[in-house]
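Below: a set of structures, written as structure tokens.
Here subunit A shows up in two complexes: once beside subunit B, once beside subunit C.
Let's turn to the complex of A and B:
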């Protein structure tokens, strides 16, 4: 294979889409489609086995989660770079793709020439975002980071005992069980719980759990590591 | 001569009345009142969108690093150079610190 060829594995939930991509891209000089798969696990396995320069994965198709595919391919720790193909103007998917580690994002409105250009660009180590979506992507990332910083600040305001109670609340224990486990009175656990909800700015234990998971707070604060 | 180091906690804000236009495949920022036009590349156009007075230079740099493969140092240089260009063209409100 020529040294300047970009090797590609395709992933997406619909065989017809992948066959069209395979046909359209595979005929272009400088692009070699090594394989494709319609399941996330199959795509990840093929990337692991074939080590393509780029994995080109569809974002959202029936029975297909392209963001998970991107995340799992990145977790392989190989040099394969990932491009997600999403809808034009779909800011949410673009942000999810970037957070999942995607190196590029192209839209279904892009031409085959654009796709080929994106494959080479990402293979060279550059990133690729549709120019018209770049401003709003940056704004979205800034807003997410602000929310994250605010979440960290709220979590940091919890006292040690409150953090211990929160761990048990998130694990789904009731007040009496938590009281026994932490050698506290149920009344004290209820007071801690109310203070936790207030400090985190949430209204229920369920919301507190979601807050913790969304911002990955336990692992970032080294809680529950053993 | 090297530009003075900008305060990266500043929140650049475009002048009221300025607007982004696409002309012949190019993105141009215009201030019709003062007859000022500045052609922008893709990154500069994205940065221009962020100049609404709410976003710090530091936040711009971090976000750019998240979507590109350039270093933080390079991103900071690019952002500061682009903002200096906006400022020279008189397209930003004077910062009050």
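Let's turn to the complex of A and C:
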């Protein structure tokens, strides 16, 4: 295969969409479609097996999680770059795609030749975001970053004992079990729990758990499972 | 293989023309290019430019992408009816479910094809519809009772269910239907429940409305059974 050819694996929930994309991209010089699949797992498997330059995943089709496909492909740890196709002006999908590690974003309102340009672009190692969406993407990411900083700050305000209790809470233990495990009285555990909820700015233990996972707090602070 | 450039300005012999209307350029353009190799002449138009298409020769089939952002489908239908009288109007949907057929009926279109089909099946459905459309006189609006060329909300009904539905559309009560068809009232009710489930409607009124919109008209005589 010529050195300047970009090899591609396609993934998306609709056979007709993939077949016509396969056809339209395949007839353009410099692009070679290696394979396509209509399931997330199938797409990830084919990317793992074929090691294409670029994986193109649709994130605008029903019954199909293109963001998950992107995440899973990136987790393979191979050099395959990922382009996500999303709806026009769909800021949420763009941010999810960037968070999932996407190297490029193309909207369905773009032309086939735009897509070909994007394929070559990310193959060369560049990133590709529709220029009109770049501003709001940056604002969105900065906003996310701010929220994340605030979360870290709140978490850092917990005392050592409170952190220990939080770990057990998130693991799903009740007050009595936590009390036994940490050699505290159940009453003390209750007090710690109240303080934790207040400091994290959440209203329930369930919300506290979500807060921890959302910001990936335990692994970032090197707190293990026990 | 025939690789004509897609465009309105390519009328060539008996080339069959399909006009695709939608904003998902990436998919629809790819679809156009694909159709172009099968001897069809397909062109793509954003909904806002529909007016421009009346300059070219009228298409046999107008394929409307359901995800036609920016323009209400109802308005689009009205414009297509105005500019392309006699064209077969087909919805391009994203699911194979009955929801699509209901939407198709509500919009008075001739049928629908789904992007969730393999493209060969999609082509087959289009071709079936196209042949049915060629048999019609181009200037007259399609007679809705000429039978569904493509998938219609009624296509999943059995003969018996259709008979019952026709009588409901005629305005008969369950008792009258039972007497007419020589079956028990209970059986009529079962048929009606099945019809409602298949047509994805919640009431008899809605059932009649959808049936009429897909072309069913009160019959002058009792249907054969």
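Basically, the second predicted complex is superposed on the first by the 223 of 226 C-alpha atoms of A that agree within 3 Å, B and C clash if a C-alpha of one lies under 4 Å from a C-alpha of the other, contacts with A are read in each partner's own complex, and residues count from 1 in each chain.
The working rule: a residue touches a chain if its C-beta (ideal position, glycine included) is under 8 Å from a C-beta of that chain, and two chains touch if they have at least 3 such contacts.
Just so you know, these numbers come straight off a predicted model, no measurement behind them.
Between subunit B and subunit C, it is C that contacts the larger number of residues in subunit A. Looking at the shared chain after the overlay, A:127 reaches subunit B, while subunit C stays out of its contact range.
Of the two partner chains, neither subunit B nor subunit C is touched by A:73. Residue contacts after overlaying the shared chain place A:112 against subunit C, while subunit B stays out of touching range. Judged by the touch definition given at the top, the superposed model places A:141 against subunit B, while subunit C stays out of reach. In the superposition on chain A, A:98 contacts subunit B only, with no contact to subunit C.
In the superposition on chain A, A:184 contacts neither subunit B nor subunit C.
In the superposed model, A:31 lies in contact with neither subunit B nor subunit C.
By the touch criterion stated above, A:23 is placed in contact with subunit C alone, subunit B being left untouched. Touch criterion not met for A:173: it reaches neither subunit B nor subunit C. Listed in rising order, the residues of subunit A touching subunit C in the complex are 13-17, 19-21, 23-25, 27, 61-63, 85, 87-88, 106-112, 114-115.
Chain contact summary for the complex, subunit C toward subunit A: residues 23-27, 29-31, 33-34, 37, 69, 94-95, 114-119, 122.
Of all residues in subunit A, those touching subunit B in their complex are 98, 103, 125-127, 129, 131, 134-139, 141-142, 145-146. The touching residues of subunit B, when paired with subunit A in their complex, are 42-43, 45-50, 55, 59-60, 62-64, 66-69.
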